[in-house]
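Beneath this line is the structure, given in structure tokens, with notes to follow.
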């Protein structure tokens, strides 16, 4: 058992549960991916960081050499677009289930944003490719999906707005209106990931096309906006705990009377809400599995640190102090439980589509980021001041994970939905327990007991 | 999907992960078990409680009528000895895997101690039957295992000692020594579950037969002691919080020069430690799954309570107040994660024996009871004062769960073991990361960058 | 510093904060109380327990000898009715502030219910005496308050009702109506503490006298009902985690056409809500400080246990294992913080009456029981199975503390009220921050900077 | 009561506990400080930030204009050097107790690092001034303390070393040795706060002067090293999460054969450990109270946000969703409890010196940062993505607080010390309880009961 890559990298207990669900192709791909990561990608993380200029402006105009080299290499190895579930195969992507890719996403998560990018599995490109594969017109697919699948361009998804509580998508104010053969877009967005990147060629912009519709889930549409269209103004990068995440960034953007042809409408008028719903299920699983990879990587670093003889204090290894061993045990248990939750959600998607897996996805969405934050935080603590610094990936990883408690709906929204969904079981439970009570009463009579009910 | 019993009772997301691992026999048995529980067993819980006298002495001499009736019924239905893993089949038990029985154990857990007892799956009998099936001589099996399997007698496992920290089994002081053809036992035990029951016929007693052995895991032996042997003195029942758990109880017992024939030695001299190790793996899984059943039952009761229109306060349903919905969502998520951990451990046992599943068992052992306590505690809170009273099963359930953080090794022991096991990964992690650092250095050179290492 | 009783029993850091607020009388009384507890009361706790019969009926008809003896002794020492704040002095009680009594209540809390009872400071008598002292007519005071103050009788407060969510007092259904010169009471109560006691002579019963009043806080009245009045039917004791708390108990009671003279009305028609509000402030502080005493006692026991050489496992003291030292440190910190919160609330009451201390009381009410439960739970864990048994006070203490998260309003009610109270600060905060923003804008202009606002 | 500044800014319940301990001067100074902060300092925070260049190099060479202006203003108002406890008055500082300054430090904490700096109360200057005031020679005081007190220069404290676990000060490797009339320093430090600042003129450097001393707490000495001495090489700023904290920074420094005159030795050879011990007590209180100010500020922002009508989602205010009100209530309670702990520690220092307050200081040290992190994290969550960005102070505040769980000893060290200190109470507890058991036994005999002991 010990020789399998999933075990090697994760010491995962889950393998016994899922092994029989993996195809030979998936097993082989996983092994190849692990080897590529260990041999070529993980060693390149800090190199890529060093190749990013410190100069404020230059940071946003750079194509990092080692990234470009690794992308070519990954494509050559067939480790490419692994995220695209096999429902699209063979037209697009590879024949992997969500469950199979989930395990690979954990491996990618160990390598920060670089690892996902070099195999062309980075958000927000992944979700955007999924949208175009599922809902794009042949023309749209030719023009934007193909170069995205080839890794020649990158993309953004422009939903969140400044001055607006965008976790309620019906609050969106960006205006999308038809004028003759054109669509005119006006709006003020922010936190648009990837929009700072010189390779970013296309924005999928969500706005209101029919603000007066009585059905508030039909008011929105999505339009394809070329990044270089006149009126697209990238204002500034937003920072996350001090990080600017250049060159991609998370940008504030004003769409000022931007005009695109009518054919850039995706799927149809009023289909915006439907599209973003469909976009989210697998994407959330990817995020969750990458987060678990972050947690696992942090735990490994912590174990390395606390057993390092050069780090002894007061004559003892770090692991001999205080609650370190208990912290490690709890981290291990939390990772195992969370991983099983996500794998179970992936399996549920494979069996019943995203719509039949809403509960499992929702639980994973609010459980995993908090879990991973906690594990990474414990690792930070074991590294002392070095843990919060640029010399370890831990602090940057923590900051990235922290945004996942806010992105795609804050924790509270998902917790509320899961709670409400549970409340829907009330009639069934009440009926079952009422039936039991009735039989209980009959039993009391049968045995001639006066109960104090 | 909704019609399957596992879903009906648990709203379980795990089914998608394990369905293909269930045999037709297991599916059929599970369905039958659920029906039996709903129709006959759950309605009998409070009846059994009412049939137990309030009189202090009579409580310990009673065979509860409804329990006897249900046992006959279960045997007739073939719902009997389900716990005995199929490694013993067809000699003993039924052809179920640990994974398959685990799901059934959750169903049993919803029905308190009664449900397990009526299908002859109660601790400590289950562990004792496992021991006798695995290590007993043909004579021992004939004399004790057969009536236990038939549910004609019950049994105890006498390990824990008063005045001694028994979580370290090498501390045991009970003396077991050979005198001619007899074995003489002297010792002071407590917390011996089941020993108060009039049906309890046999004790498996752990003691030191060779206290001076240099191998401290070979000092112990286990002997079969008939409950009515001269010198077996049951002193008093220990209470758990305010519960005496009559008629089984958890008793303080003095073994005062008790003599049994040499043939009552189990497996051989010095085999005590080996036996208790083998006894614990599946037993812990059973406890864990029953605990998850407790949690699930409590959550269901909570949902029923907070949606009950007669329980409105300040004009609102209880679920509209405070953090109730969030508490329900978190309980749901915690149950799902914990259940997957236990199922995964059961699957690991089926694949690699208990010895190959120590990590998974250990994690389940310390995660599940705390999780279940928390979920039950939230349910108690939703019931107000009624929640802590005899009118709901919740408080008694909580008290029973609380002992699981102490029994079979307190949490701290398992946490420590899991932590230590993780630390053993240190050399592998360090080697892997050192390898990566080496390649990283080569990459820095290849790209001509001076790193600040 | 080390010689002061508060330090001796609590190792309290708070003394530096409050010493200058203690009168010489209070210091002397505190010292005397500590000595009495250590020398006479704490040694009697298990004796009192042993003097309670095991026979089910006899438990409720017993006056425990050692309790009676200690009460006589306490009265003789002048350690009597310490709870009655000095606003009633010299007419009733003793000249102690709430802050001064709070420290004494912590000492009492270390001794379970016995300690409070022997100095005539037991709930619900304390609250009832406070009500009669504040709102009783001279005749009512003569007939009921004087014997209560003398410890000759005991009393109950009948508010909570079965089948009703009584945490919303407007849900109360018990009917109180005038018929000529009499008041007729009909209702179904439960959890009426003390009503099982043979010494309980008087019930203060809350019911609806004017259910149609437009002011729903004027619908209730409180009536004095002699325990032996015809129609007062004590149905059964409610149990708390298996404990019946005999002889006082928490009883289910039916008031079936009970008739009392009109002069038994307290304060006036429709004054019920006003009375219960006034009753709760100091009472909550008493409960909180006793809870802190429980926590402190549990921590002390834990420290004794983990340093006990006879409890070593695997060759180490218990404190050398796992997270024990960290658990002790956290318990210490949590007790210190909670104690300061309660002392601060007591001081606030002394300065601004209970009405001016609602925030402080509310915070203490929801913080302290959870804190104490956690500390006691850790201590239980350190004692192994003995911790949940009748051989240590810990389990019974835990069960009693658990009810405090439900009694006098469940946690959620207090948390909600504190949260709402904080929200009332919103206008002030918003105004302040708006003012700062305005000045900030002026500063940006003054320094000639274009801000990205 | 509502008009007092402490209440206005903190809605503090603690005021009733401490008001009588404030001198008229302290009350007046506090009022003046609050006014200055509200009117002039808080509005300048973002201005100062905007005046810091984005250019990477320029950031470290800037004296921010608004800071310089505010410092002049503060000096003029007499709001200057408030931190220096009145034990140094009138020679240095102002006549304030630690308790009085603690309340002011909370106010400063609301204003980030700017607020402390403009009243010359910034770490590490404060600790360094304390060292020089207490241990400096008249010549050292004249040359370095006076300009520091005047705010003309700034300073660093160089203790932490790269490649060394510096939380154990005996691990320090920097060499300090005498050569004739000079001292030669060689070492590799990092995380030296303030060393990036162009105004930083002096480093207090800790190193080993007698590495072979048998007393490992006498091996260290502290030397004054001018920032511009030859051989002082500032390598790079360390980042905290993504923040560089320019212009002060936390720098990596190599001392390469740095030579200073013998008179730059502080206090004497081998006195290094003694000095750092004395330096830490009040400094920890300052950090804690500023952290409480951070938490209070964050809670205020959260309240403003969740009551903002423009932030409604799904038709409701944010505070009407999920657990927001409960989160606010808990934050309020946690802040109150933590504040009382720190004030109590400050009072303990005032009464018994830092040495007599080690327990109180240690508890505050590990309780407060975690508490504040949690409160700030909840506030971040309420702001959505804006909460993690540069547009609110919250994320930067969180990152700063996170370092406090590591600086001046990581949490684990303090938790361990408090736990060990508690264990020292074991003999006293055991003796007390043994005494009680003895009396209990006598009572059992007196009443003629056979106990089951």
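The first chain written gets the first letter, and so on, giving A, B, C and D; residue counts start at 1 in each chain.
Criterion: a contact is a pair of C-beta atoms (placed from the backbone, for glycine too) under 8 Å apart; a residue touches a chain by one contact, two chains touch by 3 or more.
Quick caveat: nothing in here was measured; it's all calculated off a predicted structure.
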| item | value |
| --- | --- |
| Per Cα centroids, the chain farthest from chain C | A |
| A-C compared against A-D, more contacting pairs | A-D |
| Geometric centre distance via CA averages, chain D-chain A, whole Å | 38 |
| Rounded Å distance, chain A centre to chain C centre (Cα mean) | 49 |
| Shared interface positions of chain B, touching two or more other chains | 322-326, 412, 415-416 |
| Touch list for chain D against partner chain B, complex | 236, 322-323, 325-326, 452 |
| Chain A partner contacts - residues on chain D that touch it in the complex | 54-56, 160, 163, 165-168, 171, 190-191, 238-244, 310-314, 318, 321-324, 380-381, 384-385, 387-391, 395-396, 398-399, 402-403, 405-407, 410-412, 415-416 |
| Residue numbers on chain B that touch chain A, as the complex places them | 1, 11, 13-14, 16-18, 20, 38-40, 42-47, 50-51, 65-66, 299-301, 303-304, 306-307, 319, 324-330, 332-333, 336-338, 340-341, 343-345, 347-348, 351-352, 359-360, 363, 366-367, 412, 415-420, 422-423, 425-426, 429-430, 432-433, 435-440, 442-444, 447, 449, 451 |
